[in-house]
Structures are given as C-alpha cells and as structure tokens.
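Chain naming follows the written order as A, B, C and D, and within any one chain the residues start at number 1.
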Amino acid sequence: MAQAAVTTRLKKLINTPETEVRDALEGMAAAHADLIRVEFDPNVIIRKDAPRKGKVGLVSGGGSGHEPMHGGYVGLGMLDAACPGAVFTSPTPDQMARATKAVDGGAGVLHIVKNYTGDIMNFEMAAELARGEGAKVNAVVTNDDVAVQDSLYTAGRRGVGVTVLLEKIVGGCAEAGADLETVTNLAKKVNANGRSMGMALTSCIVPAAGKPTFDIADDEMELGIGIHGEPGRERTKLKSADEIAEVLTSTVVNDLPFKRGDEVLAFVNGMGGTPLIELYVVYNAVNKYLSGQGIKISRSLVGSYITSLEMAGCSVTLLKLDSETTKFWDAPVHTPALRWGV
Amino acid sequence: MAQAAVTTRLKKLINTPETEVRDALEGMAAAHADLIRVEFDPNVIIRKDAPRKGKVGLVSGGGSGHEPMHGGYVGLGMLDAACPGAVFTSPTPDQMARATKAVDGGAGVLHIVKNYTGDIMNFEMAAELARGEGAKVNAVVTNDDVAVQDSLYTAGRRGVGVTVLLEKIVGGCAEAGADLETVTNLAKKVNANGRSMGMALTSCIVPAAGKPTFDIADDEMELGIGIHGEPGRERTKLKSADEIAEVLTSTVVNDLPFKRGDEVLAFVNGMGGTPLIELYVVYNAVNKYLSGQGIKISRSLVGSYITSLEMAGCSVTLLKLDSETTKFWDAPVHTPALRWGV
Amino acid sequence: MAVTNRQIVSWLERYAAVVAEQKQYLTGLDAAIGDGDHGINMDRGFQTVLVKLAPVRDNDVGSLLKTTGMALVGSVGGAGGPLYGTFFLRAGAALDGKAEVGADELVAALEAGLKGVVERGKANRNDKTMVDALAPAIDRARQYLGEGASLEDVLAAAADAAEEGMKATIPLKALKGRASYLGERSIGHQDPGATSSYLMLRALSDSVAAVPERASRSTT
Amino acid sequence: MAVTNRQIVSWLERYAAVVAEQKQYLTGLDAAIGDGDHGINMDRGFQTVLVKLAPVRDNDVGSLLKTTGMALVGSVGGAGGPLYGTFFLRAGAALDGKAEVGADELVAALEAGLKGVVERGKANRNDKTMVDALAPAIDRARQYLGEGASLEDVLAAAADAAEEGMKATIPLKALKGRASYLGERSIGHQDPGATSSYLMLRALSDSVAAVPERASRSTT
C-alpha cells in the first residue's frame, strides 16, 4: 500500500528536484512581470516598484512548496518582498537581508515570520545583518496552529493560515502609509485574533526525498497536520466532510475562544491536492457550524492559498474581525494570487 | 498497484457521493452571497442582480467536478448563470431553461456549450423549451481540444480551456451592452482562435463510481486527456515538465496554427490535484518554447480554472488575441473565481 | 390481445430494477470507452421515474410513457437523458389516452421512439450507439407482426434482435458520442447505451410474458 | 602536537562525503519526527562548503572554518543552517589567523561553537537536539585534555561521547525544534541533528588520525 502510494504520488510536473524552485520562480517572473521582479542567488521576489519611499516595507519568506504563499502575495497592498527557500526549508539570512535592503523606503521594514525554529533563527540572523547596515527592522511571528499546544515544552504553535490573512491586512495598512510601529502592532493584533487547524488525507512528497513524508492508511486521516507534513494531534479513521469540518472548527473556536456575536473572517484552505468542489463542501459545513454557535461570518476566503505540495486535505482558519482589520482586508490588493479593488 | 491507487485516491472531503454537488452549491451560495444566488431543483447559479435589463444574458453549464468552472464565473463581466450537472454529466434541459428565463433581460440569451454530445443535446432541448416561451436564444459551441481530431468520424473536438477564456471575453462584451448577434459572433471568433491540449499524471475518481476512471502505471502519463478522464491520444512514459510542455504547446501551435509574430493569451491550467508550484514550472517551459517560436505572450493565466476532480495533470491553452479580444479580456470582472478591475 | 397500462408500469418498474442491479456493469462499459457514468445516470433516471410514476399508476399508457420521458429528461443528463427521454416522450405521444394497446400499436410507438432518438442524436446504424440495439429490434418486431406472431413472441423476438445488435457493437468503431474520441481504441468494447437499450426491451418482453393479460384486465 | 589547516580541510571534505553518503539516513530520521529534510539540507550545505573551500584551501584554520560557516548559513536554511553556521563561525573566530592549532585550542574552538549553537537555539541538554551530542563531547574532550591524552585520543573520546549522547536522545521527549510538536510521539526516535553532529565529530577524529601530523607539516 505505502509502496504503491509512494510510486503513485511521485508523479510531479517538474524537471528535477534540484531545479524545481528555480524553474517555478522563472515561471512566476514571466507570468507576472507587471507586478514583480525576481532576483536569483540569493532568491528574492520583489514588488516591481520597490522600494516605495516612505512606505514601511513588508518582507516574508519561508520554504517553497506552499504556493501561492509567499511569492504570490507580493504586490500592491500586500508584501513588498518574499524569500523562497528550498522546498519546506526556511530561506537563508542573505535572502532576507537582500529583500530588506531592496524594499527599505526609509520607513523601516517588518519581517513576517512563521513560527518555526528554522525560520525564526534565519530571520534573526538576517535582521542582525540588516540592522548592521543601519536598517530599521521589526519582526512579527505568526503562531496560529491550535493543533500544537503552546507551552514551554514545545517550540510553540506553528504559523499557518493566519499568515496569509495577516499579510493582506497589514499590507493594506502599510500601503495606507502607517508607520513601522503601527504596522507592527496591527500585525500582532491580527496574529492574536486568529487560529487555525488543518488535516490531511494523503501525504506530500518532498521532491528531493522522493517518497511520502509519512505513510497513511487508505481509511485514515491525520488531524492537526502541519504544512510541512509534520504529524499532528492524532491519526483517526476517515470521517465525513461535515464531521471533519466540525472537529477543525470547534477546536479553533474553543481555543481563542471565539464567542457568540463575534464577527469573523472564515478561511477554508486547500492543501494543494484538494479540488475546489471539496473545499466548498467543507465551507458549507463550517458555515453551518458557526451559525449554530452564533458566530457571524462577515468575510470569507475559500481556495488553496497556503499549501503543502500535492497533499490532499484542508485547513480552517478563523480571524476575529474589528472595523480596523475589516477595513484593511477590504482595501485594494493586486498580487499574483489575491486581487480586488483594483 | 491499480488497487492501491484506487483506495488511496478514494479519499475525498465529501459527505456522500449523492450529496456532494448540493453541499458544494450551498457552500458557494454562503461564501459568495454578494455575487450570486443559487436555486435548487433545478440547480442553477444565478448572478445576484440578474436579469439585467437590456443586457444579453450569458448561460453556460456542464457537469460538476470542473470547479471553478462554471459556477465560479458567474458575476459582473462574465456569466449571468451557470447550470451544474451531476459530476461529469451534463445538466438537464429544465436547468438551462430556468437559467435562461432568470437572466433574460429582453436582449436575448447566449448559451455557451462545450462540445460533448450530452451537453449539446440537453442545451438543444432547453433552447427549444425557452424559445417555446418566446425567448431569443443563440448557442455557441466550444471545441478547442486538439487531442481529438475533428472529423466526420467523431463527435468533434471537445470543449475545454478556451471555454473559460471565452466566458470572460464574451462576458466583457455583453457587459458593455453589445447585442445578441455581436456577442454571438465574438464568441465564435474566440473559439475559432483558441486551441488546447491536456495531460494527466493520475486518474480522477467519479465519487458515484468509487474507483479511478482509468488505471495508469506509476511511470506513465496520458497525453491528450479529456476533462472527464476520457482517454487521450496516447499513453506514454512519464516525461519531464519541459518535455511535456513542449509536446502540448507545439501540438497546439501547429494545429491552429499560431504563427511567428502572433500575440497570444497563454493559459496553463491545473487539473485539480496539481499544486501551483508545478504549474509555474510548466508555464516557464511554455514561455520559453513560445519565445523560441517568435510567438508573443501578451496575456497569461496560471492556475486551476477548469479541473477534473482530483486528477493530477495540466493543460495548455493558447488564444490568438486582437485588440477587441484583448480589450474585453482586460475589462473588469467580479466573480467568485476571477476578479480584476473592480 | 393487448398490453395494459398495468403491464407498462410493471415493465418500467422491472427495467428500473434491472438498471439498479446492472449499474456497475453499465458504468464499467462506459468507463472503457466513455466517461464511466452511464449506469449511474440511468439508475438516477429510473429511480426518479419510479417516484414520478407512483402517483399516476392508473393513467393511460401514453401518459405513463410521457411521464417516464419527462422524468428522464429532467434527471439523467448526459447523452442518455435526452435520448431515452425523447424515446419515451415520442412513444407516449403515439399512445395518447390509451388504457391498453395492441401489439401493432406498441411496436409503432417503439418505432416513433427510435425515430426521436435518431432525430436527436443523428446516429446512423453501426455508429456504435443505442440505435444499434433499437433499430434491429423494431425491424424484427415488424417482421414477426407481419407473420401474425403473438404479442409475447413479437416482443421476445425484438429483445433477441436487440441482444444481437448489442453484441454486434463490439467490433464497431464508434462514430458518435464520447466513444468516438477513441477512434480505433473504441473497437472491441460493447457500447453501454446499446446494452441499456437491450436490457430495456428484454424487460418489456419479460413483463408482458410474466403478467397474463387476463389477470391484468380483471384489475382495470 | 597540532592540527594543521590541511587536516581541517580533510576533516571538512571527509564530513561532506559522510553527509552525502548518509543523506537518506538523516532525512529518514527527520521524517520520523520532523519534516524529512535534514540530510538534504546538510548535503546541500556541505556541497556548497566544498565549492567555497576549493580556492582557499591554504588559508589559516580560522578562515577555513569561517568560510565553512558562511557557506552553511547561506545555503542550508532551516534550523540546521543557522545552527551549524554559527557553530563554524564561532569556532573559526576562536582560531583566527592560525595555520595550525594545538589540541587545547581546537577543543576551546569547538566549545565556542557549541556556545554559539546554544545562544542561537536556546536549547538545554536533553531537549533532544544536536546539543545532546556536542555538549557531552566537549566535556569528554576537556576531561581527556586534563589527563594529558594525545590529540588523537582526545578527539576519539569526544566522538565516542557524541555517539553516546546521540543514542541517548532516543528515549527523550523533544522540547525544541519541529520534533517538539510531537510531544510524547517524539519519544523512541533518534534526533537527526544529534546524529549529524556525532558524524561531524567522528569525521574530525578520523581525519586527524588518518593524516599523520608530520606529513601535513611538510606541506605547509
């Protein structure tokens, strides 16, 4: 079974594992030349018109294999630069240092970092380098994954779905001309008000590894999966979409907790190998569950926005909204992956 | 192997095969209440503000399992209504008749039909019903799939990727207030200037069937696959993304044929189970091949816009552009799946 | 002798049961040269037919068949929906208002149904479609009628001819429908629609043979 | 007796070869409790190290180690990159300008490297990280130095201690890095970083033992 799965899922539209990231970056550069420019060695995706004088620069980054995150979010009203690492491996400090320099318009730069040991340490080294060159750099860490308990005994909750929402909302704020402190505080607020949980039906395959990161039986699913295929809370029997949606959503709701009367942005995300029709089935169940709880969905996002290569599965992210975050969510955005209002 | 593949790929985020389409439609209705309304029995997705007085109504439809097509394209500047059939099965005449009535603003209605025997016959019956009630109805058939030779000895080329581009371009024209004849002629022009070809790495599973539509070895791919998993031109050994892109693109280029100096819209589409990073790898290869041919990509679209459930694979569509089609491609659109300029 | 509305209902119910039972088989045939949904489509359609017939079982033969056609058109989709739907709508139109019909009327109605299928689908014989089961069946029925055969014999002969026609689709290259995309690769496979059409005519012959006319009379 | 720049180069080349050879093994360990890329990351890093070292093989020990650290920081990514990068940068800084170094200097440099790893990663002993291989190795080396052991014996003892520390990570519950997400489920698996750290120290001991001091002298 596992063996069969292995060989079956090895099928990828790539040339070689070594060239996959570079080929994809060249493809992005060609497809979105109106929005971004891509530099290589170190690899950085930069907003075409960066640096924007007087605008706080937003820089994010992480391993590749999560597309469209982060490169797909570079553009007006969102990120100024993204640093793509090797597949599932955080980028290196020279990338973030270059990105920081390229987008620094004099108002300082905010690093948006997902909470993984590697990402934290590489961004820290990059910030040290950038500050050494006189840049003003703040960092915000996203850690919204409720599947991992946040305690002294772990590296802390992982950064997942909220990162996408944060990049959009904080991007709107920075575009409006807010200063570094304001932008940084908003970023912290967004992270503090969002929670996520994911699940997987199948494993992904790191191309360089050439086999599934984990084996999973045909009647099983992994609850609380990480976006790198890290095992989650528990391995259970496959359940219906309604049951899965209820487990994910109720766990998220109870963690913050979200309360009756709250207005939320509901984000149902596909892991990369899940078709849109299934995401709408899940969204329908999430919507029914939340209305039952008296929680109002005032904004929504359904699609594959933070993925794990070809993994089949989904995640549910809820973000408690207020007038400020709603305003900046609605603000115009024009990136390869998210666009509205322009 | 096949057996393993079967059980592995059977994993879906659904409740039951019977309820999948309905659940997904309810999810769409909830997620996009600002853009669309959904009627059930007969199932129709209707633009929220339809009928628009004096505007030609655009109605499309087809089997479910191709999301976001067609329901995801209902909204300003694109379709007025879409009729979702059972998975991979064309909708029924009562659906198209209802959609036609719901969007008829007095300027007539255009049916956009993909060239499959079932779709053609059901839309024909629907048109007969609608005309019986006094509606002015034209129909345009898309048949851009070069994998199937168009001859007296087949049902003709299948309608695939061009359908998406046609719905956008003709939608822009109808939104601008053109009359039924103008809209119909533009639709025919778009279809005449576009060609597509697809391939699959894995099969999809029709939920009601419960097993892959076709078996494919771990080192094989199907070239010329249809969006319902219909076998294509040939079964070959798995090739690199560059080789695959060249086969698809060159076949498409030589069929129309596209010539040195032509300006095209290049559309690299994912089949549902293929992650975005791989689509950019393919787009990069398509771009290199076309520049080598002296064909200029002046517009592009990369993503999963016409899918086959969880099938892994891609298709390449090229559309020869002129000032009119370019203008209407660029025109504002606001639908669940495509949005810009507004 | 005649076929009563009761026998028509038992035919349609019997065929619905056969389709449900053969669902996987028909779908498998379609997976080989089509898109693997023919059994699913036909089963969805005839389950709907059962629901729609329940309240009108005592209606005349024509209206029973038209109800069946409408149910199929509205629930099957695909190629099968319009084709089988048209078949029953046309057959029903030919038998408007009749509580029971003679063998010649019944055969004429089936012929009208076939005519509708051909108008809708534009298939010729040997295009590897349901027409290849229906057309020979009508021919054989006409021949038996001419020879003064009994109703049972006429319908049994028609079913036999449909079966032969169905089997004869195996070596054919498909020229219509999804299977035609396969060109040469469609050769060697039995056409799913021809198969469902054969099963339909066999069910008709079986039900008429099974429900002795007198018994049915007594109930009307 | 001393370790020459030549021996340092042969150590780094030997370790690069070991990592390439053990790539799948290290990645497998990481797949069990992490994200399955440690071997891939380390191999990418040390292939880069080989490229960067080639033109500067004759540089002093400090600059060779700093070159290695920079190469790792710039190519590995993940947690391994900053940690191994910091390890070599700090060790190199401690040996600035030296064409050859004594046993005590070398151990002090390794200790500086460990200090850097701990500052960067904030791991304590028994958190199930590379620290659990490095720290005991430094302790054991210090002990042997104190007892006046030879360079070869000091490094062999350090490698042995690292191996014990590596094995001792198996029963531990991870408190740092990706493995900590697993909580109890991390118990029973050997830590990949501790494993690559053990292999690094074993390669050091092997290269020093393999290249007799006199031979190296003669080339400087």
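The criterion applied here is as follows: a contact is a pair of C-beta atoms (placed from the backbone, for glycine too) under 8 Å apart; a residue touches a chain by one contact, two chains touch by 3 or more.
Worth saying up front: this structure is predicted, and the values here are computed from it rather than measured.
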| With chain B gone and every other chain left where it is, what groups do the chains form? | A, D | C
| request: Using the touch definition from the top, list the chains contacting both chain A and chain B. | output: none
| said: Centroid from C-alpha atoms only, then distance chain A to chain D, rounded to Å. What do you get? | reply: 33
| task | Averaging only over C-alpha atoms, locate the centres of chain C and chain D and give their separation in whole Å. | result | 78
| remark: chain B to chain D, mean C-alpha position gap in Å, rounds to 55
| query | Residue numbers in chain C touching 2 or more other chains? | reply | none
| request: Quick one: which residues in chain B touch 2 or more of the other chains? | output: none
| said: Thinking of each chain as a vertex joined to the chains it touches, would you call that graph a line, ring, star, complete, or other? | reply: line
| remark: Each pair of chains that touches is included here, namely A-B, A-D, B-C
| said: Help me check something: in the complex, which residues belonging to chain B touch chain C? | reply: 42, 63, 85-94, 116-118, 121-122, 124-125, 148-149, 153-155, 158, 206, 208-209, 213-214, 226, 228-231
| query | Hey, which residues of chain B end up touching chain A in the complex? | reply | 1, 3-5, 7-8, 10-16, 20-21, 23-28, 30-31, 64-65, 67-68, 72, 201-202, 218, 221, 238, 240-242, 244, 272-285, 287, 297, 300, 302, 304, 307, 309-310, 312-314, 339-342
| query | For chain C, which residues are in contact with chain B within the complex? | reply | 27, 31, 34-37, 40-41, 44, 73-83, 85, 120-121, 173, 175-178, 180-183, 185
